[in-house]
Amino acid sequence: MSVIATTPKFKENVHAALIDARLQGALSFSRNFTNRRAAAAERLPEFEALRDSARAIKDHTLAHLDLYLDAYEQKVRESGGQIHYAEDAEEARRIIIDLCKSFGAKSVTKGKSMIAEEIGLNDALEAAGMEPVETDLGEYIIQLRHEAPSHIIAPAIHVTKKDVEEEFRKAHRDLPANRDLSQPEQLLAEARAILRAKFLAADVGITGANFLIAETGTSIIVTNEGNGDLTQILPKAHIVIASIEKIVPTLEDAAQLLRVLARSATGQDASVYTTLSTGPRRPDDPDGPSAYHVVILDNGRSNMLGGEFEDMLRCIRCGACMNHCPVYQAVGGHAYGWVYPGPMGAVLTPSLIGVAEGGQLPNASTFCGRCEQVCPVRIPLPKLMRHWREREFERRLSPAPLRYGLAFWAFFARRPALYRFATSIAARSLNLLGRGKGRLSWAPLAGGWTDYRDLAAPQGRTFQSQWRAKSGAVK
Amino acid sequence: MNARDAIFANIRRSLGVKGDEAPRRFEVEARLAKAPPGVVPNRGQGDVEARLATFKAEAERAQATVEVVESLNDAPEAVARFLRDNNCPATLRMGADARLAAMAWGATALEILHGASDGHDLNATAFAFAGIAETGTLALVSGPDNPTTLNFLPDNEIVILKKDEIVADYESVFAKMRGAYGKGGTPRTLNFVTGPSRSADIEQTLLLGAHGPRRLHIVIVG
Amino acid sequence: MNETPAADGDMKETRPKVGLFVTCLVDIMRPTIGFAAVKLLEDAGCRVVVPSQTCCGQPAYNSGDRQTTKDLAKQAIDAFEDCDYVVVPSGSCGGMLATHYPELFNGEPEMAGKAERFAEKTHELVSFLTDVLGVDKVNARYSGVVGYHDSCAGLRELGVKKQPRRLLASVEGLELVELPEAETCCGFGGLFAAKYGELSNAIVSRKAADIGAAKVDTVLAGDLGCLLNMAGKLQREGSPIKARHVAEVLAGMGDLPAIGESQPERTR
């Protein structure tokens, strides 16, 4: 992995996020996504049926992934495209850098791609003497800030307009100091002008792919801005970087997934631009790239097939799970410490970087279940997070105080008579500690709770002891 | 072992297959050949007039503007009027589409330019391959008739769409495309366009004209 | 509700035999919830028994300790063997028993079968009253403006949403208002609240703000974990808003000291 994960420092990241007033202000915007998704789902009677259909298509494809990948490859070649395979991030970077060099690339425009983030592509391009230019407005903004995206759909959701103005003034050298950039429209106009020049000057355009269609050898990108399109049709070469599970069988299957993608992500019935690209320009095309290359990345995904975490490969990167997650809403995406935030990040990250590095994330969940409730392809995210916790427990990676605490609890819970005795004592002692106030502001071993909240004192006698006293019988 | 072989081997090992099993191959070939449709929403269905009404409503929801004219010969004046009404200069780039060529552009004061765009055009027009009622979406295909760059570089795009080429759903466009390009064939680029370019990346404020056209005007003919 | 004769052999006993799974939190922290549940069940015509019991195993389950969870599950299943129903005043423990127990024993057909039958007869308290016993009103008074928090497991695992609201609508003097973000997690999550205290605090602070914005004087829920969390935050912030379990209000025990308020030495 070239992209260093700060995931083990999750608690410190959380703290930093919670005291960051600008971030907290910006995060309040993420609550809008939930209303919009609900409205879009409400407006389409077939929405639930589409979710089931989307799920079934993904499951079917994953079960036959080798065959569909092979079919896809053949169609790419037939249409004049070239396909490359990369087992890991390093190999993918090397292939892309070599391709860019072969085109004499100085400037490379990029459409938004989480896979490109995963492999640390921008740093590698810069190290090779090329200039990568993010063209998605949000990605462009965070590129100027030398930050990673904090959300897979709205990468700059954590940035305020004041932040954006600061960055533009620093980076755009021809920008007059007296130009008013206080409003989003003005910032957009500035970005449009700057990036228009970059689009036209680029030697190579790199995009991800929302889906790859086996039937036709087609890559699909979905944007609202049109930046992906300008990235892929203007330069002389277009490189698509996509992971193996992006394959879907047919055009009709893609339509099923597209119908739930935009609605789940932003509440739109359709994104502004859904583009199907197949191969380089045809003989009579007056525009389009002369070269079309697809880089297929594994990076740990083939290991997930047939295993406990296979369902995670259904993910279509809509972002609904993180939009609805109380943890994400509290701290934003950077706290997760790696490429993928929110519930999908909590499940995928340990799969890709290992549970020793990534294990904090599946632990930092209340299992409220809202993610699973809104996932368009019905991934059982809490269940998968629990599986990670089981793996950690088996490998004794969970913190010792927790293991001992649970063992202590289990010792009593396995022995009903002893449990009743011990809980009676605990109820009585904590009740006395409450000293008639009815609540405690401190209790032993309960710092994580009482640092922030009062703890109600027990009423004094356990239910079971009172019940037995009343009924007089011993069961 | 090269990367491709290693990846395929790992996929097969994880799935517990060798890759040559006949039932799996048959299932995959059958699905690729038949391309069964899944759940098709009711929203775009109906006769020509119903599809027109749905298309217009959905396109307007996505901030496109829509007008209906009676015949192809009314289109040039509709385009000219749109540009005047929005204080746009009287220039217009288009591709080699014969249907566009047959229109009476000379009756307008528009300066017509032909070919792909190099980024210096403010206005362009294209003839749609189809319209999709379900989401108010235009389907546009690449080629000399309607170069793809016309859909993205200019500030304003006006798309001409025949009323009877408004289909109900995406599946219908795929059927039409297969008819034109063969089974398993596609144009180099098929654009589905729903409204003008937009972004909400700055404090979730919705803004039009992020990189693509600020305005999308649809002239429906028929 | 006279149903099949009870399994203990008394041929005159036709009331359903309901085993109360009281839950650790209720058992230790607030037994009045258990007594409220008993009253509601008996008023609805059930015979209530309380087999010797400990924990449903959820803390172990959510910490990844499957073995302990299975041991505790077997214990619970056996303890409630001869009950017609198992009723739980908690969506969280109820969800554990009714939706997670069967999948614990994947690959062990005999135990899985027992767990399935156990799960089928297990219900959260309020939804048991309305959906199984057909109760649509209670005889209780409560003077106050009340907001109901939808605890996550009860809502998403067991479908508890309309039932408490239906019964609360019948409580005389009670004005029910919908809390903003009623379905949003309160940040308890069991051990999560202690393991990730700062994060849990951020979430419960938001919940407390949402409750405050609704201008209620009481917040109710069907889960003591959520209630302890919300009450603890509200009180630490000096809010006068009281937290109670919905069963207590429905059973006419709404005049008890609220959660975190001074308790009498002995309850009745």
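As written, the chain order gives the labels A, B and C, with residue 1 at the start of each chain.
Rule of thumb we're sticking to: a residue touches a chain if its C-beta (ideal position, glycine included) is under 8 Å from a C-beta of that chain, and two chains touch if they have at least 3 such contacts.
As the structure is a prediction and not an experimental result, all values here were calculated from the model.
> Can the chain contact pattern be summarised as a line, a ring, a star, a complete graph, or none of these (other)?
line
> Quick one: which chain's Cα centre is the longest way from chain B's?
In terms of C-alpha centroids, the chain at the greatest distance from chain B is C.
> Give, as an integer number of Å, the spacing between the C-alpha centres of chain C and chain A.
34
> Calculate how many whole Å lie between the centre of chain B and the centre of chain C, each centre taken as the average of the chain's C-alpha atoms.
54
> Centre to centre, by mean C-alpha position, how many angstrom separate chain A and chain B?
Roughly 29 Å, centre to centre.
> Hey, what residues on chain C touch two or more of the other chains?
Chain C, residues with two or more chain partners: not present.
> For a test of understanding, state which residues of chain A touch chain B in their complex under the given definition.
It comes out as residues 26, 29, 32, 44-46, 49-50, 53, 57, 60, 63-71, 75, 79, 84-87, 91, 135-138, 141, 154-157, 159-161, 164, 184-185, 187-188, 192, 195-196, 199-200, 214-216, 218, 224-227, 229-230, 233-234, 244, 249-253, 255-256, 258-259, 266, 268-282, 284-288, 296, 298, 302-307.
> Okay, in this complex, where on chain B does chain A touch?
Going by the criterion above, the answer is residues 2-4, 6-8, 10-12, 14-17, 19, 24-25, 27-28, 31-32, 35-43, 58, 61-62, 95, 115-119, 134-137, 142-144, 147-149, 151-153, 169-171, 174, 184-205, 207, 209-213.
> Please name which positions on chain A make contact with chain C in the complex.
Residues of chain A touching chain C: 11, 14-15, 18, 326-327, 329-331, 363-370, 372-373, 386, 388-394, 398, 402, 406, 409-410, 412-417, 419-420, 423, 426-427, 431, 434, 436-439, 441, 446-449, 451-464, 466-467, 475.
> Residues of chain C touching chain A in their complex?
Contact set of chain C toward chain A: 22, 24, 26-32, 34-35, 49-55, 57, 59-66, 68, 71-72, 75, 79, 152-153, 156-157, 183-185, 187-204, 206, 228-229, 231-233, 235-236, 257, 259-267.
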